[in-house]
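Next up is a structure, given as C-alpha cells.
Chain nomenclature is as follows: A, B and C, assigned in order of appearance, with residue numbering initiated at 1 for each chain independently.
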C-alpha cells in the first residue's frame, strides 16, 4: 500500500498518469463522433498514415521533439485524408479500397523513413520506436502543456459547435437543406479525428490508435441514450483506460503502453456489451426469456381453454401429456407452477388416473378469454 | 450565377428548364414545373424517374447542369428557413443516441444561429410540434425505440416546428402501417387547409386521388402536371409508367365502374 | 545450378517478395471488387495473435501447423466482427475496429512477456525481415530452400488453383451474389474461402513482410489494375504484374538507399498506384481533367437539344427556343450558351430558322435516344 502511494507521489509517475488520462479523454471525446459518423476505419487509416509524419518531424527537428512530431503526424494524416477523398470522389474504387491503399502505402513510406533514421543512428532513434506501440513513460512534463492545449482546443470546438456537430452527424442531408455549411463542418470533424490521433500516438502508437478512438465510444454508447452522455462517458472511459494502461506498463518492464491500454478499453467494451441496462446482451437475453415465458403462459392457458371448449366444460381437467401433444413441447413445470401460484389454474386429480391434471380456475378462464378474445367457457353445472 | 430578383412569386415552387445528370446518365431532363401555393401535391413516377432528385435539386442539395428553381419567387438560398424538409426515413441512423424531442429541436437550430443552445422556448415548441403529430407522450423516448411510423411522425414534427409555409416530404408513406399513413395524411390535409403548400414524393398510385389535389407525373421528363382531376388519366399514366402499368389501377376503369 | 540459385541471397529475397506479391494480388483482386479490402487489414493484424498462440502451444514457428493454426485467427476475426455487428449494438466498421486491435494487442503483449524465448520481436511484427529469410532453410529434394520460399510457393499453388478452378463461380459471386446464390454457388462459402486463403497467405508472408505491409500487397496492385481495366482476367494479370514490378524495383531501391526492403517494396506499390491514378488512359486524373471540358460541352449540348425538343411546336417555342432563353431560363452564362449552341450546330443537331433554334433530324434522333434510354 505504501509502495503504491510512494509510486503515485513520484513526479514522473504523476506526469505519466496525467498525460495518459488526458490523451485518453481527448481520443474518447472525439472518437464518439467518429463512431457515430461511421468513420471508425478512417481513424485506422489516418493513424497509420501519421507514421511518415512522425518520422519527418523527427528528421527535421533532429530528435524527439513532441511539437514537430505532432505537426508532422498531423500533416501526413491530413494529406492521407485528402488522398482518400480524391480516390473516392474521382475514381470508381470503393471507400474500403481507398482506406486500405492509404493505410498501407503511407505506413510503408513511414517504415522506409524509420530505417533512414535508424541508419543515421543518433541517440533518439529508440524514442521513435515508441511511436509504433506507444510508451507513456516517455511523456515529459513539458509535453503535458502541448497535450493540454490541444485538448482545450478540441473541447472548445466541440462545445462551440455542439448542436451543429450533432445535426451533421445525425442527418447531413437535412443540415444541408437548412443551409448549414455541411462540408466545412464535416471537414472540422475529420480534422479533429486527425488531432485526436496525433495526440494519442504517444500513448498507444500508430498501430493501435484506432482502438482508443473506437472502444471508449462503443462502450459508452451502450450505457446512455444521449449524445452528451455518450461523449462525456467516452472521454471518461478513454481517460481510465489510458491511466490504467500507463500504470501497468510503467510498473512492468518491457511492456509497451498501447497494447495494455487497448486491452483495458476492450475489456470495458466487453463488459458494456454484456451488462449495459436495456441494450446489453445479458439484458436482451433476459428480456427475450421473459417474453417467451409470457407467450408460454398464454399458450398453456389457451390450450386449456381449447380443451374446455371442446368438452364444453370450463373446469375440464387436462393431463400434462395432452398439453404436450397440443403445444408440441411439454409445458415446463415452472410455467405450470407459476400459473398455479397466480391462481389461474389448479392441480386436480382425475380418478381413476393417477397423473396430475390441470384445470382452469374462474380467474384463469377469464384471463384465457381476455387473451384469446373468445367468450368464456360456461361452468358446467355439476 | 447569382440572381436575387423576384421571379414568378405567385408560385410556391417554380422550376424552369432543370436538367440534372449523374455522370453521363440523365436523371432529369429539362423540367418545367409550377406548383401553386396552398395545394397538396403528389410527385409520382416509376422507380428511377428522378422524383427524389427533383426535390434534392430544388433544395440545392444536388447541382443541376442547367435551369433554376424559385420558391415563392425567391432562390433557395433566401428561403431555407421557410421550407420544411422531411428526408427519407432510412437516410439516417436511428440508433443515434438522442430523443424524439431532440430530433424535433433540430428543426430550430437554423433559427437559433451559431453558438446558441436550445432553451425553454425551444423545448416548448418541440413539444407542441410533437403533439401535432400525436407523439407528445414519446418526447423523451430514445429514437431507436420508436416504431417506423412513429419515427416518420418525429421527422414530420421536425419540419412542422419550423412553421414553414412550404413542406417537402420524400416518400413519407414508405414502410409505415395503415393507421400511421392515415394520421400523416390527416395532418398534411390540415396543414394544406391552413394555407401551407405540401409537396410529397409518393409511390402508391392507388391513393393519389383520395389524398392529393395536385399532381406532378415524372419520368425523367415531366409527363403531366396540374389538378389531380385533370392529370390523373390513363393516357398520362401510360406515358409515365409505360408497360409497367398493368399492375396499377387505371382511372378509366374506375370511372366506368 | 539449382543449388546455386537457392543459395543466392538476393535471388531468394526477390523470390520471396514475388511469391508474396503474386499470392496476395490473386486474392486481392476479388477482395477489392467485393468491397472487403479492409477485412485484410483486420486479418493481417490479428494473425499476430494466432502466430504467438500456436507457437506457445506447439513450439513451432513455421510449417503447416503454424500456417493453418494462425490462419484460423484471421477468419475468427471476421466471424467475430460480423457477429458483433449482427447484435446491432455497434456498426460493422466499429466492430472490425474493436476486434482486430484487441487480438493484435493481446499478441503483442504475449510476445513481450515471452520476449526471451520467441524468435519474434515487436518490431519484426510490423516490418517483417525479408532480408533474413534465407537464414532459415529446409531441405527439399536434396536442395536447401528457404522456408519462406517453400511455404509461399505452396501457398501460391493453392491460391492459383483456387482462382483457376473456381474462376467462373468467383466472377459470378463477386458481381452478382444474389444470382450466384440462386444458382446454388454458395457465395457465403466462397466469401469465407477467400478470407481463409487471405489469412493463410498473410501468415505465410508474415516472416517476410510483417503484418501491415502485407495489406499493401493485397490491396494496392489490384486497385492499380482496376484503374486501368474493367476486364477481370486482365485486372488479375495486371495486378500480378504490378506486384512483381514493385518487389523487384523495391529491392534494388532499398539496397541503393540502405532502407527497409519490405517497406520499400510496399512503397513501390504506392508509386505504381499514384502513376495510374494520375495517368491512366481513361480513368486517370489527367485524362479526366482533359476530358472535363469536352464532356461538359457535350452535357450542355444534350441539355440544349432536350430543351429545344421539350418546347418544339408549343406556344412557348418563340420564347423558349432562343439563345436568350438559354441565358435567362437555363441560367447559363452567355458564353456557355453560345458555346453549346455552336457545338450543337457543328454536330448538325440544330439549325437556326426564323431567329429560332430548331432541331435537325439528327438532333431529334439524339433526344429520342436519350429519352428512350432513360425509359427503358
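Observations, loosely collected:
Note that contacts are C-beta pairs under 8 Å (C-beta built on N, C-alpha and C of every residue); 3 or more make two chains touch, one makes a residue touch a chain.
Note that the coordinates shown come from a computational prediction; the quantities given were computed from them, not determined experimentally.
Interface comparison, B-C versus A-C: the pair with the greater number of contacting C-beta pairs is A-C. Seen from the Cα centre of chain A, the chain whose own Cα centre is farthest off is B.
A separation of 36 Å divides the Cα centre of chain A from that of chain B. Chain B and chain C have centres, each the mean of its CA atoms, that are 40 Å apart.
Distance between chain centres (mean CA atoms), chain A to chain C: 29 Å.
Of all residues in chain B, those that touch two or more other chains are 93.
Taken residue by residue, chain A touches two or more other chains at 38, 221, whereas all remaining positions touch fewer. Multi-chain contact residues of chain C (touching two or more other chains) are listed as 91. Within the complex, the chain B residues that touch chain C are 1, 3, 16-17, 19, 21, 25-26, 29-30, 32, 48, 65-68, 93, 95, 219-221, 242. Within the complex, the chain A residues that touch chain B are 36, 38, 160-164, 166-167, 169-171, 173-174, 176-180, 221, 224-227, 229-230. Listed in rising order, the residues of chain C touching chain B in the complex are 88, 91, 299-300, 302-303, 306-307, 309-310, 320, 325, 329-333, 370-371, 373-375. Residues of chain C that touch chain A in their complex: 32, 35-38, 40-41, 45, 84, 87, 89-91, 93-94, 96-98, 101-102, 104-106, 108-109, 112-113, 115, 122-123, 126-127, 212-213, 215-216, 218-220, 223, 226-227, 254, 257-260, 262-267, 269-270, 273, 277, 283, 285, 288. Taken in their complex, chain B has these residues touching chain A: 59-61, 77, 80-81, 83, 85, 87, 91-93, 96-99, 102-103, 106, 109-110, 112, 114-115, 117-118, 142, 158.
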